[in-house]
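Two complexes, one shared chain (chain A), two partners (chain B, chain C).
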Partner chain A sequence: MSEKIVIVGHPNSGKSSLFNSLTGLDQTVGNWPGVTVEKKEGFFFIDDNKFEVVDLPGCYGLTPTSIDEKISLDYLLSSSPSLIVNILDGSNLERSFFLSLQLFFLDIPIIFFINKMDVAKSKGIKIDFEKLKGIFSCDIVLGSVKNGEGIEDLKILIKKNINKKVCETKYFKVSDKVYLHIEKISELLVKYKEFEKHPKFYSLKVIENDKNFAPSIFKILNEKDLSKIKSIVDEVYKDIKKKDFLTLDWFYSLSRGIVGEVTTKEFSDKKSLTEEIDNTLLNKFFSIPIFLITFLFIFFLTFFLGDIFSNFLSFLFENLSFFLTKIIKEGFLLSFLTEGVVGGIGSVITLIPYIFFMYIFLGFLEDTGYMARVVFIMDRFMHKIGLHGKSFISLVLGFGCSVPAVLSTRVLDTPKDRIKTILIIPFIPCSARLTVLIFFGAIIFGKWSFLVIFILFLLSILFAIFSGFFFDRFLLREKSEGLIMELPDYHLPTLKNLLLNSYFKVKDFLKRAGTLIFFITVIIFLLSYFPKNVEGGFIRVAGEKINFLFKPLGFDVERTVSLITGFFAKESVISTLGVLYKGEQIERVIVNRWSSVDGFVFLLFLMIYLPCIATAIVIKQETGSFLYLFGIIFYSILFAYLISFLVRYFLLLIL
Partner chain B sequence: MIEEIIDYILKKKVVSTKELTKRFNIDEPFLDYIISYAKNKGYGIKKDKNKLLKCSFCPYKKFF
Partner chain C sequence: MKLIELKEGEKAKVLSLFGGSNFVCKVKNMGITEECFIEVLKNDGRGPLIIKQDGSKIIIGRMMASKIEVERL
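After this line comes the complex of A and B, so read on.
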């Protein structure tokens, strides 16, 4: 049987990175707080022992103030893990110990992993390891997940500490009377089945008068114990005027005391490198131009490098198709292989170089800490549309994939903020959509494609802001709160991490290409092949029936059908066109048949209309309402149609 | 210290985040947590778009 280990820490302490280092998995990691919004599970082996690892969303304390903090606490109370790996930020120990001290009350063995020691060192912070060992009875590892330091030591200690006795700190006992009263209450609570696992935690909640716990605890207690507990609580608060913050203050003063005892800081008048860089990147006048130039440059590099390899892959598939026609007799099998497999899936495979390079560059921005600055830069626009500053974190995640972006809205405080953000996310071009745009852009616009895609990228942000303004003004009006966000220090990402990140994305894409996209392609092929006496098969007949709707936008039957399959996975737009163009090379057909205006309008429609089916499912799950789901589907199609229509006729007039 | 922060907001009625973080040597995410905690306790402290903390109502809550 495997043992369960839980990773707990405050937001942006490096929990997900530690989880990935221990398990070898590729969970999303970001250099900003709030990336993990639900628990993630994995496992690893030490010798022959299997250890299950659970990565919980970040929390500042054990009094939940948001959904993600509630998820963490509920899990800790209900799952009874064998060990907590408490990850602390070595460069911000005060806040880390604030949580650590509260974790002691769960009566679960703990190991401290003090992360970001490299950052602490660069800030001139020195930690006295021996003094720290003297304060806490648990094992402590100093390290840096980013550099792989301390991971092996941690693994050894995990094995040693499983189900070991719970840890203590001398600070509780010598500090003041609060702890003594918690012990007295827990002696009474431990008799009850409901509280026997975590009696000290529930005692703390009683003293804190936490509205999430105290009323239900009092309901279970018998009258005798209830009156005893009330008198203990009265004793705690005797001569104290302000009762609401006693425990919070207690933990904070203890953590400050510990930090004062174990750390020393070398003071320097010199500004840190991060401050120097931020002075330029977050400058009032330069921040937006730098942001725009950075993304323009990224698109340029993605096109430049991706094009070379993509052309090579196209050449390979063209030759493969030619080779197949030589060795297989004309008929269903040849059509299936050349039109379905090579034409459909082959076209999708040529996307890989773009995906690979785009993730390398976006990963670079994310790991350095610049993406968090983008949130800061865009904060003022967020307020214009009545959104919480934190919403932009979800929107930034939306550039990767809309599904985790929708899930990440759980960190937002109010339901209206959440729904507004969820409704805007589908307008942010996800990586799947971007790569499809890049693929078509490269064919239609040649060397200027990076500029066209950059314009489409900016337009999508503009549409998201407009939609946010529309929802705020007419549907979900609410005052927004200011952005509270910690800007992480700049890091130089390692090439290994960037390559690994990109590799996992390509792997994920290939998995989708081999399953969902392949399935759609086969269906489209069969529908286009049968009945044999009708040219273009069923799909053409059906496409012709609805094509009148899209005629005003200049779309032919093939493009109309591909937009429908694009709802299942955006990449299948390419494979569908590959199949429907009947084995002809998709690049050649597009160059010959599509005008630049029609191409641009098609990309515009593709960028705005409908999220994919996975996003639609998550929107329903998170809003709990079909109204919002169908509302956003209807709105996005209508919006895409109107914008594409207007842009097409405007371009035809001026060109 | 946390009680002092809350008292300071109540006393001044309107106070900027920057002033609080400087005065109490505390970082913004943690201040956010404290404000959320206070809200859970029934304190009507809100943060507006200019990062100003305002207290609309701060009732005395009786135990039990």
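After this line comes the complex of A and C, so read on.
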């Protein structure tokens, strides 16, 4: 039998860091609000007792305004954990108590872990532990996850507190009438089995008149209770001006009161280091040039370092094929091993260095806190396509891989914002498409390839922007509500976190895309090998059948087929062509057969047409609708075709 | 006056929030409640503002900032 505990805290309070040090299962540690998107579960032992622990997405309070917060609240209400470990930010207690006070209403046992005491100390904040214990009846630990302080104490207290008492604070009772009214309502609600677990929470929602809860609560109540409750609510608002979410003001004033009572802060007039840095990085004139240079530099480094490792890996795989040819000589087995297996694995493995370095550098920007500044800088440009700055982060992630980019839209506040962003992401050139570009670019354009790649890259980004306009004007016209988010202080990231972060991302990529690419390659190989009496096999026959569609773009049968397999994973275009141009070196075939216009148009088409299958799956999952998925598939094919067609005839005319 | 009209370095008290319940909720969750005190750290006249409230800094878009009524101190 194991007990279930949950870690709850606001974004950036250190939940994931605590989760890691409890379970020992290291995972991503980020720095911009809302980075914990997936539900992370783990377990650990204290003596012989097993504890399951869940790392919930960050939330500011219990009135959710984003999917992340909704996930957390739903989980707390439905799963009935034995204990909440509420993690507070010792350097920003007002914000933290605001959440803690609301958690009391869930009637679940709770422990406070006040984290980041090292930061609090450096800011000159002192916390009076005894006074704090006088205010709250629950157990409290002061510590710092980063320095490993307080973790052992926490473990001992976790064991002691499981299923124990529900915490109280004298603050509710002395300070305001609101709490008394909430208690009165919950006495009525507790009789209903729907509300018996968290009666105080539902009472709070009734008083707040929270549209996500109140109407459905009223529906369940019988008439007598309903009228009683309504009169209690009227009582609350009798002497005061009616305000939306009055209780939130109340929680804030309580938490400011508590902070005033238990902490002292040395007064300092000096600007903090973060403010000094922001003076430069967010300067009205320099912010955009600095941003552009930073990102250019990161792209340069990613490809510079990626190339070195990737070339080395390619070299190994070539030698492996060579070696196999020497010992097996000929026949099906040789083709299968060299073209199918080694080719398939090779095309996946040589991608890894690019992805790894991309995530290292993106992770670095996240962990330092620069990403939040990017939101600030890009906000006014994103408004032009009806979005705001937070969407830009998802688009940047899209340069790595569309799948995590689509998932990251969960921190956006409204469904319209999310859908718009999700629909643009497939047009951001991801690292897989970039590898395809680099591979073919080098063959077709030689020393000019970097220029051609750059042009294709720009065209593709322009098209993403165009799509943003298009969706904004014709599809989802509703304006976004606008941006509001915390600006974290700068942190120096640890190398360990960066490496672990990238490691898990690459592992995820290998699991998700890698196996898929490998199997596609093997299947393509088999389809092109059999039936043996037909040159080029089954797939060639199929390709010939539909090739007339792509004749106007100048594609041969092989390229047509590779477009189909490219849907499964964009990189598999390379391995498919490798398999289909049988027996010959792919480089030589391309140089001989493709004109540079052909090559350019083919690459352009590849950049725009169809999201890959993994992306398609998450688009369906996150928008919850096949309509958007098929819409985006149709839209992308249509425009890929149109644009490639126009560009081809334009180029043929002028060259 | 509106929050958006404040200049860099000016301090103000929040008077009221004009908007739908989702807007009010979001703003209050970030600690910007009626009667609280804020300081504008950055307002370039375009793009979002950065304000300081208690110990934390908040980025707030111009659209949202124009829906917050404040009183300059």
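In the analysis below, the second predicted complex is superposed on the first by the 422 of 655 C-alpha atoms of A that agree within 3 Å, B and C clash if a C-alpha of one lies under 4 Å from a C-alpha of the other, contacts with A are read in each partner's own complex, and residues count from 1 in each chain.
By our rule, a residue touches a chain if its C-beta (ideal position, glycine included) is under 8 Å from a C-beta of that chain, and two chains touch if they have at least 3 such contacts.
Since the model is a prediction, treat every value here as computed from it, not as a measurement.
In the overlay built on the shared chain, the residue A:P11 is in contact with chain B alone; chain C does not reach it. Within the superposed three-chain model, A:T623 lies out of touch with both chain B and chain C [touch as defined at top]. By the touch criterion defined above, A:T421 lies against neither chain B nor chain C after alignment on the C-alpha atoms of chain A. In the superposed model, A:K230 lies in contact with chain B only, and not with chain C.
In the superposed pair of complexes, A:F245 makes contact with chain B and with chain C alike. Contact with chain C, but none with chain B, is seen for A:S91 once the two complexes are overlaid on the shared chain.
With both structures placed on the common chain, the touch criterion links A:K284 to chain C but leaves chain B unconnected.
Across the two superposed structures, the residue set of chain A contacted by chain B and also by chain C is 60-61, 63, 65, 92, 95, 98, 211, 243-245, 248-249, 252-253, 256, 413, 479, 481-486. Listed in rising order, the residues of chain A touching chain C in the complex are 60-61, 63, 65, 91-95, 98, 123, 211, 243-245, 248-249, 252-253, 256, 259, 275, 278, 282, 284, 372, 375-377, 379-380, 388-389, 413-414, 479, 481-487. Of all the residues in chain A, the ones that touch chain B in their complex are 10-11, 33, 60-61, 63, 65-66, 92, 95, 98, 209-211, 218, 230, 233, 237, 242-245, 248-249, 252-253, 256, 383, 413, 479-486. Within the complex formed with chain A, the residues of chain B that make contact are 1-3, 6-7, 17, 27-34, 36-41, 43, 46-52, 61, 63-64.
Partner chain A is touched in their complex by these residues of chain C: 17, 21-31, 33-36, 41-42, 44, 46-48, 50, 54-64.
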